[in-house]
Structure formats: C-alpha cells, structure tokens
Amino acid sequence: MGNVREIIAKRVAQELKDGDVVNLGIGLPTLVANYVPEGIDIILQSENGFVGMGPQAEAGKEIKDLVNAGGVSVTLQPGAAFFDSAMSFAIIRGGHVDATVLGALQVDQKGNLANWMIPGKMVPGMGGAMDLVSGAKKVIVAMEHTAKGTPKILKECTLPLTAAGEVDMIVTEMGVMVVTKEGLILTEIHPDYTVEDVKAATEADLIISPDLKMMSVSD
Amino acid sequence: MDKVRTIKEAMEHIKDGMTVMVGGFLGTGTPEKFIDYLIEKNVKDLTIIGNDTGFPDRGIGRLIVNKQAKKVIVSHIGTNPETGRQMHAGELEVVLIPQGTLAEQIRAAGAGLGGVITPTGVGTIVEEGKQKIEINGKTYLVELPIRADVALIKGAKVDKKGNIYYHHAARNFNPLMAMAADLVIVEAEELVEVGEIHPNDVMTPGIFVDMIVGGEA
Amino acid sequence: MDKVRTIKEAMEHIKDGMTVMVGGFLGTGTPEKFIDYLIEKNVKDLTIIGNDTGFPDRGIGRLIVNKQAKKVIVSHIGTNPETGRQMHAGELEVVLIPQGTLAEQIRAAGAGLGGVITPTGVGTIVEEGKQKIEINGKTYLVELPIRADVALIKGAKVDKKGNIYYHHAARNFNPLMAMAADLVIVEAEELVEVGEIHPNDVMTPGIFVDMIVGGEA
Amino acid sequence: MGNVREIIAKRVAQELKDGDVVNLGIGLPTLVANYVPEGIDIILQSENGFVGMGPQAEAGKEIKDLVNAGGVSVTLQPGAAFFDSAMSFAIIRGGHVDATVLGALQVDQKGNLANWMIPGKMVPGMGGAMDLVSGAKKVIVAMEHTAKGTPKILKECTLPLTAAGEVDMIVTEMGVMVVTKEGLILTEIHPDYTVEDVKAATEADLIISPDLKMMSVSD
C-alpha cells in the first residue's frame, strides 16, 4: 500500500463539500487540505481567530501575526476574515463549522473520543478540541488504525474523554467506519486488507456493512 | 484624561500576588514589552490567565520559566515543557479550560453575565464539580465568569483615547480581556492620534482602556 | 459557491408563517428593499424578531402596518402606534424583551450556548415563568436562545463571499442575526469584489451569509 | 425659580466626573450634556451602538446612519467608536457605564424604578432601560418632582418595575435625594422650597439629612 498518512488524508478529503467550513487539527489532519478534489472550495477555520486560512507560508515569506493554531506561519485565501476568540468559538460551538478532522488517542464504538491527555504522563490541555468536537456538524477522526499494533478503536475509551458521543466517522488506512445508533459500522475497506484484518486490529464490536465498499483512495 | 504612560508608570500597578490576564495566542498578540518589564521587576506569585503558556522563550511562557506564577488558568500548556514540569513538581497550579469556554467566561465577566451555559465538556472531566443545567432536554455546564485585577493587552494601533485596532491573528483574547479587568493596560505597537482609527474600525473602544504604553513612552 | 442572487430569487425563500429576523434599530440598518419586496409579495403570518417595530413608514414597522406579522419579538414598540393598536385589538402577539437580553439571546443561538444568565429583569415582570439561577449569592434569569428561519441583514459593503462591513450605527443587531438563522440573506448597499474589505475589517465573516442581493442584482 | 428642566439637568451634570461614560435617556436627561462643567469630559454612550456621541446634528447636516437611540440625528466626538448591540449591552450590563440618567413614572424609597409601562394604557416596551438600570454603576433619576401635583416618589412603586433596588439618586426641581439602606435621604433642597414643601410633594418616607445643603444650580 502507499503512504498511510496520504491514504487517510485523501479519503477524508472526499467527505468535504463545496463551501464547507472546515477545521483541521495539527498533524495528519492538516494534510487533508492538500487532497481536496478539483472544483471543491473549502474554507479553513483556524481557532486562533480567522477563516480563509491558506497553506503554510514559504520560508522567508512569513506574514506578521499570521499563524495557525499550532503557531506555524500560514497564508491567507481571498475573502479571509479575522475575529476575536469569542467569535472564533461562536463559529465552532454554534455549528457553523461543517466538519472538523482530528487525530485520536482512542475512539470508541459509541463515538466517544479521547485525544487530549494521558493522566500522569501527557497533559497538554484540551485547547480548542473539546469545543470543536462538541460543536462541529461532522466530526471525523483521521488516524492510523492502531498505535503500533495496539488497538485505538475500542469498545469504550479508557482515557479521559474530549467529548462524549460526538464522533461521526473514523478514517484509517484500513477503512472507513461510521458511528450509528446500532454501533460502529465498517462501510469501506482498503483493498490491501481483509475484513478479518480489520477486526483483528479493532477492539470495538465492528458491524460489517452489507454494502461494504472498497475504500476509494485514487486522486 | 491623559492615558499615556511610560512603561514604568504603568507596570508599577502590578504587584506580587495579583491576578493578571495576558492577551495572545502562543505569543502572537502578547504584549512582550510588558513581559520583559515584569521579568526585570520579578513580580511574584502571579495568577496568570491566558490562552496558553506560550513557548519557553515567547509570550506568557517567559514568566513561567522565570517562576513568577503560582497559578495559570489556560486552555493549553503543551508548547511549554516548563509548565508541565512545574505542575508535576507541585510548584505551579494549572487549571485547564476548553478554549471556547475560557473565551466566553472572560467575555461574561466583561459583559455582566452571571455565567456561561455551554455544552462543551459535558461527559468529560471538565464537568467535575460544576453546576449543570437542563435546557430543552439537553445538558449544559454552567461556567462562571473570569475576571482579573489587571489585563495586559497588545494593540497594533492605539489612539490616545485608548481605541484599539488589532492586526490579523494577534486579536484573539485581547478584546475580551480588555473588558474583564479592574485595570486595563495596552501596549501599543503604534501610538496614533485620535481620529487615525476610523470609528467604524475600532475593535476595542477606548472606554475599556486605562493606560497606554507605546511609541516613545 | 456563487452567493449573489436577484432580490426575487432570494425572497422566494421567505414563506408564510416563517420566523424572520430583521436587522436594524428604528430602521437604521434595516434592509428596506427586502421589506419593499415582502410587502409587494404580501408574505403573511410572519413571526418577526427585531429590536423594535420601527416607524409606520420605516423599517419593520411597514410590515406591521401591512398586517403581515402574527407575532413580534422586540424590545420596543413605542415609535409605531400601529403595533400597539394591533396588540390591544388582539390581532398581533407582542413579546417584549429587554434590549440587551434580546441581543444576547440571539448571540447565544448563533454561538451554540444553551442560554443567557443575566441580571436584567430580576424583580420585574420579565422574570415571570423564567428559570432562575443563584450564582455567588446573586439571582439571575436564564433566558433561552432565539433563532430564526431567515435573517434579513443590511450591510454597507458586502463582498462576493458575503463578508460584511457595516457603517456607523447601522451595525446594531445585524452581526448577531447573521449568526442565528438557517438562511441568511444580506442586502448590500454596495456589492464589492473579494479583497476590497480588508480581512481585519470584516465585521461579519462571509461563512455566515447564504445569499447576497445588491448592486445591479 | 428658573426653568425647571434646566435646574434639574444642571444639578445632575455636577454628578459627572472627568472620563465618565454616561448614558442619557430621551427627553430631560438628554439636556444634562449641555451643562457638564468646564474641564470635565464625559463620553456619551448610545445603546444603539456607539460611544462618543456628540450633540444633535444641525438641520441639513445629518450624517447617514448616525442617530441616537431615539432615532434623532446626532454628531460624533473625536475618539468615537461603533459596535454591535451585544457589545453595546456588554458595556451597559458589564458595569462600564459610570452613570445613567433616566426619567421615571414612579420611583420609591427602596430604589425601585418604574418607567416603562402603564398596564392597559401605555406599553412602549422597555427598550434598553432595564439593562441600563441594572448595569450602570450609578443610576440617577432626573424628573419633575410630581406629575402635576401627584407624587411620583413613593413608598412603593405600583407600576411594573424597570428594575428593583437599583436607583442611587433622584434629582428634581425641589432637591436631591439619595437611596440608602436606611431609606431615602433628602440631602439638598432648592432655595425656593421648604422641607415641608418637599415632604408634601413626596409620598415616600423622607429622611432629612442633618447636613441638608442648598441645591447648587449655578453654572
């Protein structure tokens, strides 16, 4: 199979619709912007206070006071707008963000997400993640299926939650899962894996969709 | 009412043990000259309210590295390992708050609201010890207003009445904090005459600002 | 996403019985061309949310005089005697809300907050039937968010992505309402190209705006 | 005695300090701006969304979209700033208005104020009055002492309240009264009246200050 991160980012990008306001987390989720299909314009929201974020700034061409929420120098798209942090989170909490894409330490079959702390070990703080996961219309977890073999998709998260029951979709290099009232359904599978492979790498109870499709990862 | 002060005159009002809000997001929009001065004066035992604790060499982080805070109230400390070290060593109290809740709590203090009714944090450890409220069958947390003794603000352009214009993402928490402290001091990148900021374009009305430091001051 | 529409295309979405927010304060900042069109189309049984019912010949007041509202949710009706007449005659339901509470209720809807905790109205008839909450020994009212099907907004300059710049006191409720409706339609005094409003100076980000009517449209 | 409205407005003006943010109600309270003492700069707040309001605009010199909360064309002072209605009432409710001056239908010795409706007769709505009276640091009622002889300063308001217990001071053509825990204290009296005159025109229990002063109404 190809580059794992690229496969995941490409598949997530297909979820985005023209005009969508999207917040991408740091790391893998940021890559999603590179694979948005032709003809689809999305508007990136940055929780430090703007919409219309463009790609990372070239070295030497950084713009004063223009960084993303991770402190990295970025650029602007036409039609960008700045605002204060209360407005930034009014946008997020108020349901004006169509989709947010985040990584996870753990995610479970009820749509619970844990991605902000490991007690006693790593306590960076939740930043804007709790608001994003509670507020965005669609919450997409984009991550490698396991942590070096240890399942991250669980029956029930054991780490402190970022939000309860808010995840809509999980995209990994193995496939696509959607959270429903019935449980976690595998709707797409990557051609390099079998259903048994996915089940073995997943602790959660996985319902296999009767319409299981091949995960589309072409450009 | 002349609001323009030297940095020395303005910073004299910040005493050991005070609660201080500092604008900025990972240092962008943080009044770094005020931080310089507070480090030089070595004001101690501060409770610092901000979005984050910046980096070790930038923003609020410099006050942490210099051990001037006894408590921080922020949404994120991950970019400054020294904050985590002091927290684990029991030298620093760290209160972590979801960023959007923190913004609304500061706004609520400035706007005279009794609290914030937010869905953020429900079902997580953030809800521990908080009052909950049911509205139309949905559960929300009641989060209380957050005020400070002093707010340290950074503006790109500030006129002599204290009207502030912010630049790009340096706005962030600054306009909110300017409403929520007993004493509001702004660091002006550029101090301009009254009238140079169009009344439509003022982002923080000068009525919130007590002291301005900038230009030659 | 082309958001520019003719007034006819945009107004077609407003149907009898809908809840409609209309920006403006005694007509200043009210999209009067939209009002003209709604009068011409004679859309009926509207629930109108606004600061006031304007004057009989200006602002929201014209819809009242033309008997197109079954209910208004406003802070003031004193400048339009026809509103009072219809209210006393039982033809129009009038809900009066303190202006600051109304502004926060609309903002709360837009910001995803569960309600507003305000001291305004405590000890008055405004508190009747409302949930109260004690915070630090003080009593507050819990006021619920207010949303609409459609918000009709007026901007001085609007770019083709929907970014809005307001002029002087015509801002008032417009930026709040632009966040709190399923469909947001803005009347542009001047429709400009993207980039003509500096990103720092945008007062309502275009992401809130669904349709723009203005210029030659 | 001179013009009653002028006497009241002049006396209220003396309460204002340099740099105060002040909201003046429609009618008599608006006159207060004309009598602010030399050397005192106040900043007028207008609840429809700005600070730095200047005097009424001259006929023919009206500025587009620049009216006060009563819809009257006004002017701007240097350093003015516009904002939306949420910010306008954040200023008001948040205690950033140093003083508000309003008229009253009734005011009572507990500091209750009624100025927004007469049931079945006059229901204009409260507009911004409830927020102003709850939120301003100092609430000054400026009005004629009686309604054509009928007392307006009562033991207890009978009309629906604007706010409970928020009034700090009452200024009329007869004198100045302050609301305290002990009750309503007459602190100043206009030279044209006796204490008995004031008591006769007041239904409230009036405590006469042992330091009763002459009401200062000179320029």
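In this document, chain identifiers A, B, C and D correspond to the written order of the chains, with residue numbering beginning at 1 in each.
Everything below uses one rule, namely that a contact is a pair of C-beta atoms (placed from the backbone, for glycine too) under 8 Å apart; a residue touches a chain by one contact, two chains touch by 3 or more.
Please read these numbers as outputs of a predicted model, since none were measured by experiment.
More C-beta pairs in contact connect the chains of A-B than those of the other pair, out of B-D and A-B.
For this pair, subunit B with subunit C, the centres built from the Cα atoms lie 32 Å apart. With centres taken as mean Cα positions, subunit D sits 35 Å from subunit B. If you average the Cα atoms of subunit C and of subunit D, the two centres end up 29 Å apart. Multi-chain contact residues of subunit D (touching two or more other chains): 50, 82-83, 86, 89, 92-93, 135.
Listed for subunit B are residues 104, 107, 111-113, 118-119, 166-168, 199-200, each touching two or more other chains. Pairwise, the chains that make contact are A-B, A-C, B-C, B-D, C-D.
The part of subunit A that touches subunit B in the complex is made up of residues 46-50, 63-67, 69-71, 82-86, 88-89, 92-93, 112, 123-131, 134-135, 160-165. Subunit C meets subunit D in the complex at residues 25-29, 51-52, 55, 74-79, 84, 87, 94, 96, 98-101, 103-104, 107, 118-126, 156, 166-176, 203.
Subunit B contributes residues 1, 107, 109-113, 159-161, 163, 179, 194-195, 199-200, 202, 205-208 to its touches with subunit D in the complex.
The touching residues of subunit B, counted against subunit C in their complex, run 104, 108, 111-119, 131, 133, 135-136, 138, 140, 142, 144, 165-168, 199-201.
Across the interface of their complex, subunit B is touched by residues 18-19, 21, 41, 43, 45, 50-52, 76, 78-83, 86-87, 89-96, 135 of subunit D.
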